[in-house]
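You will see chain A twice below: alongside chain B first, and alongside chain C after that.
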Partner chain A sequence: MSIRNQLASTFMDNLIICSGLNTIVIDHTKNLKSTLKNLRDNYGFIMLLDIIAVDKSNNNKESEPKDKRFQLNYILLNMEEHFRLKVQINFNTDNNEVLPSSTDLWTNAHWCEREVWEMFGVSFGEKSEERLLTPNNLIGHPLRKDFELSLSDETVVEKDSFQRNLGLPKYKENLIENVSIGPIHPGFKGSMKMNFEVEGDYILRSKLEMGYLHRGIEKSCEQMLYGQISTMTDKLNFFSSAANSVGWCKAVEALAGIDIPDRAKALRMVICEFARVSDHAQCIASTIKATGIFEGVQIARRIVDKVAKTFYALNGSSKGNHLSTIGGLNFTLPVGWINDSLSELKQINTLCNELSFHLNRANFWKERLQTAPLNAYEAIDLGVTGPNLRSCGVNYDIRKVSPYYFYKDVDFEIPLGINGDSYDRFLVRVEEMRQSLEIISQVLDSLPSGKVKVENSEIDLNLLRFAPEKSSIYSMSEAVNGELGFYIESDGSNRPYRVKIKAPSFFSAQAFSRMLPGTRLDNCMVSLSSMNIVVGELDR
Partner chain B sequence: MAKMPKLRFDKVQSSSGIEDLALTTRSDSFLSKFHNWVNTHSTVPFTFATACCSSEYYSIFDDQYLEDNFFSEKFEAQNSDLLIISGSINFKMYPILKEIYQEMPKEKWVVVIGACPMSGGPFSSFNIVPDISKDIPVDIFIPGCPPGPEEITNGMKLLKERMSRGVMACEHS
Partner chain C sequence: MILERELYKSISTTRAILKSLRAYSFTSLRILIKGKGSILKNDKERGLPQLIDPSSCSGCNDCAVICPTACLDVKIDKEKLSSMILDVKKCIFCGLCKEVCDPQVIELSDYRSLASHGESSWKIDLVEKNEQA
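Showing the complex of A and B:
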């Protein structure tokens, strides 16, 4: 019996299809915790992908007052059946109701709940009431519809980053120091702050402080046109802009029911895979840099440069910005581009071999990278996706399990690691680069002909008038760092009502801050760069 | 296929050496000229790298100081005379930026790469500082989202010219 039938027999009428996913509607907050526990224990929903809150207050103004103000969506994943489920609940917070926290079911719910409290003022208990992204002197909850910016003038007293450990013997107190790195550091991809409590060289406790690059993308999406937003999604993971905006355009097209031409689909795959090659090379370059080897950095840089050159030939942007648009692509293929890229592919492949030849035989490299291991159980519990999850040995890739575009027709393999440490993450990334090159050459060999943009569609694709019908969608794609999901809710106008970005780095960072205790302080930069945490994506 | 221009920071530096400085007879003007010449030829940048535009900068100028290229650690802001702000600045970051600017030596130049710090760029939300130049005098502003390699190099050329004449924005604020 398939999982959908099992769920249907238990939840009966409460199981509906909504925003492209099977949805269970819960009518009362009392039942929330027990339902989630039931789903995790008996139906195998072992991974929590995201918690999405929506403020419904001015969705339809003539609505009756009995309508509930907030909506909460838990996106769950059953990894065996590749089945995604949305658990939806509507509620009011008139009498300061506190929702049950689900941190004991899924550890990664902690940061999600903190974000929901911060943005909407929906509390999950005392632990969740701590600011994550916004500055401490901000008053109010930004993603509420009635939010207006006001900063309090009172200087907020900086709290110590760690509470004093009272169980510690007195003679040890002098041995313990607090160290912090950041917010500006050349090793970071963006800006964040890492606080450590160290004894000698070893880290006892670690805490990641973020929000130094919080640009409020989700809030500004509510004021922008659908077509404009792809310029902002480009800047999520700024080393692979192309793959992000493909994710956004795919989500909007799924929302509006647009089917893009075959040629556009194929070319989107090509630019996505090029972005993956470039981003992985960048990640490897920063890992090598953190260990202090010279040779590898230059090789990895050359790969990045080669990909930049191919992107530059497309539209003049070396990072692959502004390539895709709603309904297709922004560029037509220049003459001779395919031949040029095929020869570049060959050179990149040689460079990949060179990279692994130089590094794999160095004992120093192997020893240095045996840091920050993550086992499969923890990784799933913490919601890690992408190469970081695959390096723990979990075979999960959206390109394989729920293929979009032509990923089901191309021949490629998913590399897996065993130990889940930095060295495995490096190996997985190098192999994924090779597989991406395979995909690109296969697609370019049989590139469909035709248009690259929808021309006669039922929906008006004009930038100003493009307005999908009132509905919602959760659409995901395998971006470079893992599952990049977009939840879009539309109210029928030309601007989205609510956009939530499920960013893979958000969950990698949460896992990272839990991986560090017990390791040496000088390993933390190596582990950080091998996790490839890009702050643009983490803070949004 | 279009070619990416190959640019290096040392090519940008002017070819004129110390011999040009001998063209003065007064000691005070010689000293100020010498001072400017030193500043122009040993710039110590501190990259306040918050977001995407910093990677554009690094992709051109990263191997300028070869011996530092191998380490993630670079110079501290307190010991550098050029502040390069690249990437969005939000309200959580703004006090830190102002503090760093105050802690830098008295003679300093500020370069802004990308549209974000001066106008918010494509981002226009509650958390973005709309204009940093109200508090921090900016010498060179290189617009773009992100600016290309040529624009960044041209901006750096302009900066070198300012340095060789001893002009800095922080004097006039």
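Showing the complex of A and C:
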């Protein structure tokens, strides 16, 4: 019996299909915790992908129950059956109701709940009431529809980042020091702050602080047109812009029901894989830099340059910005580009071999990179996706399990690691680069002909007038760092009602702060760059 | 001005200054004689937007609406485009203005503002610039 049937027999009429996913509707907050526990224990939903909150107060529709202001969506994943489930609940917070926290079911729910509390004022108990992304002197909850910006004048007294450990013997207290790195550091991709409690060289406790970029991307999306937002999503993971906007355009097309031409699909795959090669090379370059080897950085940078050259020939932007648009692509393929990029592929492959020749067997490199191990159980519990999850030995890749575009027709393999330490992450990334090169050459060999943009569609594709019907969608794609999901809710106008970005780095960062205790302080930059945490993605 | 550190190290300071002055005057003379050269139109270039034919502008204001960073300020006088002020600091070269423009008045040039871009020209009037060219 498939899992869909099993769920249908248990939940009966409460199981519906909504926003592209099977959805279980819960009518009362009392049943929330027991249902989630049941789903995790008996139906194998071992990974929580995200918690999405929506403020329905401004939604002038008759069908929605007016008295329920907030909606929470838990997106769960069953990794055996590759089945995604949405658990939806509508509720009010008039009597300062506190929702049951699900941190004991999935550890990664902690940051999700903190985000929901600071953005919507929905509390999950005392632990969740701590600011994560917004500054401390902000009054109110930014993503509520009635929010107006106001800052308090009171100077906020900075708390100590760690509470005193009372169980510690007195003589040890003098040996413990607090060290912090950031907000600006050449090893960070963005700006954030890492606080450590160290004893000698070893880290006892660690804490990540973020919110220094002040992007407010989700709030800005509510005031922007659908076509404009792809310029914002370009800057999510700024080392692989092309893959991010492909994810956004795919989500909007799924929302509006647009089927793009085959040539556009194939070319989108090509630019996604090029972005993956460039981002992995960038990640490896920063890892090598953190260990202090010079030569490897040069090789990895040369790969990045080669990809930048191919992107530049497409539309003049060397980072791959503004390549895809809603309904297709923004560029026409220049004459001779395919030949040029095939010869570039050959050179990139040589550089990949050179990289592994220089590094794979070097004892120094192996020793330095055996840091911050993550086992498969922890990784799933912390919601880590992408190459970081695959390096722990979990075979999960959206390109394989729920293929989009032509990924089911191309031949490629998924590299897996064993220990999940930095060395495995490096090996997985290098091998993924090779597989990406293979995908690109296969697609370019048999590129479909035709248009690159939808021309006669039922819906008006003009950037100013594009307005999908009232509906919602959760659409995901395998971005460079893992699953990049977009939850879009539209109310029929030309601006989205709510956009939620499920960024892979957000969960990697949460896992990273839990991986560190026990490792040496000088290894922390190596582990950070091997996790490839890009702050542009996790900061909202 | 060319101020190379290596240059100062290898030869004495006075000689180095003279050398850089000579190089400076040579380049400026060459620009004076030959001119900067006309801007070659290349549609694979991505830079600040420029106007091709301001007289055919329909005055729909679409380009100002679609701009994600709100860097364009369009003024229409008697159904004719009187001024179009571009904030160079804000422009991200996304090309959306070119895409929505129905009469195809706007296109992207290959000129990008760099750190050397003068403070006096942070706001450019595109109509004026088009007349000068």
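As a convention for this text, the second predicted complex is superposed on the first by the 533 of 540 C-alpha atoms of A that agree within 3 Å, B and C clash if a C-alpha of one lies under 4 Å from a C-alpha of the other, contacts with A are read in each partner's own complex, and residues count from 1 in each chain.
Here, a contact is a pair of C-beta atoms (placed from the backbone, for glycine too) under 8 Å apart; a residue touches a chain by one contact, two chains touch by 3 or more.
Computed from a predicted structure; not experimentally measured.
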Chain B versus chain C as contact partner of A:Asn363, first or second or both or neither: neither
Which of chain B and chain C A:Ala313 touches, first, second, both or neither: both
Chain touching more of chain A, residue-wise (chain B, chain C): B
First, second, both or neither for A:Leu463, with chain B first and chain C second: second
First, second, both or neither for A:Asn5, with chain B first and chain C second: neither
Which of chain B and chain C A:Asn96 touches, first, second, both or neither: neither
Chain B versus chain C as contact partner of A:Met232, first or second or both or neither: both
Contacts of A:Asn330 with chain B and chain C, given as first, second, both or neither: second
Partner chain in contact with A:Ser449 - chain B first, chain C second, else both or neither: neither
Residues of chain A that lie at the interface with chain B and also at the interface with chain C: 228, 231-232, 312-313, 316, 321
List of chain A residues in touch with chain C within their complex: 224-225, 227-228, 231-232, 312-317, 321-322, 325, 330, 334, 462-464
Touching residues on chain C, where the partner in the complex is chain A: 42, 44-47, 62, 65-66, 68, 92-96, 99-100, 108, 110
Footprint of chain B on chain A - complex, ascending: 134-135, 138, 142, 147, 149, 151, 183-191, 211-217, 219-220, 223, 228, 231-232, 235, 238-239, 289-290, 292, 294, 297, 304-305, 308-310, 312-313, 316, 318-319, 321, 336-337, 340, 525, 535-536
Chain B - residues contacting chain A, complex: 1-4, 47-52, 55-56, 59, 69-74, 87-88, 90-93, 96, 100, 122-128, 145-146, 148-149
